[in-house]
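Take a look at this one; I'll ask things after.
Chain lettering (A, B and C) follows the sequence in which the chains are written, and residue indices restart at 1 in each chain.
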């Protein structure tokens, strides 16, 4: 029971997007191993082994093992997408919430934090991640009721980006991942950094960060691409009406 | 006209959940008394009487009476749930927004802040509570238009957790309250504290708070419960497919 | 190519609401001029001309021209409403997001940030404005996929306040603008200031600001209006059931 963090540390030049899905049609990740509760030594041993296997990981003494793993996932330079075709509960749903975005299949997906019914609480980042995604009122409801949220409720609450028909989710996520995977890594990094700098409310610091990330992107390459797109019909009425199609070529 | 704050101060060991609903099928709370506007002495007298009746209340000099009452409600250790079967306007809706969560009956519920049409503005916490719930753009729309939001719009905007069919809301809220009421008070307190510590964006401080609240919950009681649940089928495929039912036993 | 900022600086006493819409049924604002990418001199010249024409504008050296324009729009004392009957992409959508609120026509509206497909990124405030409106997960999806969001998706994500049927949006926005336009400027200013002071989570400072803005509104005028409304039926059951109609008279 060792989390092998370095396995995730792939050079950004090689991998730009990671789609997390499950080979099991009914479960994404069931939840953390109950031995963590029944036998404290199992958790301690897993923590020690993970630390030994990841000597370079940033492991603050105030965080627990699951939080550290989820924070590592959250800090990945790749764009991370969760495709939820089954159930994700407890630590499994916390892992899912640590990803950059999530999509759920209607009629199949389910998310819950059942911890309070086990006499504990969500503690792998769940209280923080869920509040950030769906706000305090809905988080309290889901954490204290411990009930399953289906795909439609998850979309309405903001727990996933979208609920998608089960027969469309594969194509949607593949298409999204391919689009992102076709971008240059420095573009992806700039967007992620600028979005992460966004304050609530909007701050001048965030705007300055955005601008400092944008400026170096005005390159000769971008100018050449723009010339090509103008020649192909961009900035004509016809081209603008179907700009996404024109840009996809 | 005295708000009797201590009446709400029930020991957490005795009461874990409070459902606020109205005996009047058409109104939750109509709104603040207009005499607060027509006769400043009424407001001053109510404030003085409330202060006298609540010598221990935290009453900052920069807040007004309604804000103080709503902040006391917001600080209650119990989980507070609003069940909205009728109209809540002005101070009535501000009270509702001060609760931990809210549910609205389709075809019956209505929420509005009509203050601007009275030449004043929402001032019992409403500008702060609503922005926290639904964001700046939708808050400005509702506060400046002073129009009624029905249950469906309230759900889409996030003003309530969910809009529920009028013939289902009682069962839903009762079931939710019973689930929460069955939890140990220290679990409820830990979840509420962790969620309240959640920053936007996610902070290391919030995660550390979550972990420090989780750690003491790994008790012998939790271990015994986990052993029982494992024996009952948790961590088997069958048990996990209907985990909520298994945990409800 | 000079943005004439002072043209927007109308005295608040004269104009209280500005509705931005397009005379072109297919486009709101297409996007920034591609010459900004193909020819850096065009952008530099536009910046210089804008600065010269707006000697009093607050132009921090760390922001770019489009950010400055959008921040000026965001700081307008008037309530700004976007009516989206067509396409808004790139800088056009950033302008739209800088407004106080937005409404989109079903079947006609579309919003996108296509920048990453041009080898650059949204840089006119878009990364900050969108994250503030719809959160990190959905912002990353829209910015990195560069796909068009239709009116329904825009409402579900919070990119617009509401999606409205195309044959209703004109009446809805006109009615909203007239309601707001009928308010006294100091009421509008107080509401906007209080909402802008709202923190996430709720802060005592925000509540104090709300209270300090409310207090001076308890005027003889407000008392006289309240007396009139009480005489007209406010605080009677009948009057309260249709309070919005009563207040509209």
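Here is the rule we go by: a residue touches a chain if its C-beta (ideal position, glycine included) is under 8 Å from a C-beta of that chain, and two chains touch if they have at least 3 such contacts.
Predicted model, so just to flag it, every value in this text is computed and none were measured.
Visitor: If subunit A and subunit B share one sequence, what is the angle of the rotation that overlays their CA atoms, in steps of 5 degrees?
Guide: Roughly 120 degrees of rotation.
Visitor: Shared numbers divided by all numbers used: is that above or below half for subunit B and subunit C, i.e. same or different?
Guide: different
Visitor: So what's the Cα centroid distance for subunit B and subunit C, whole Å?
Guide: Those two chain centres are 29 Å apart.
Visitor: Give me the residues of subunit C that touch two or more other chains.
Guide: Touching at least two other chains: 132, 136, 156, 196, 200-201.
Visitor: Can you list the subunit A residues touching subunit B in their complex?
Guide: Interface residues on the subunit A side: 26-27, 30, 33-34, 37-40, 60, 62-64, 67, 71, 74, 87, 89, 112, 114, 116-123, 125-129, 131-132, 135-141, 143-148, 156, 196, 200-201.
Visitor: How about subunit A: which of its residues touch subunit C in the complex?
Guide: Those residues of subunit A that touch subunit C are 79, 100-102, 132-133, 136, 155-156, 158, 161-162, 176, 179-180, 183-184, 187-188, 190-192, 194-204, 206-208, 210-215, 217-219, 221-223, 225-227, 229-230, 234-235, 237, 240-241, 243-244, 247-248.
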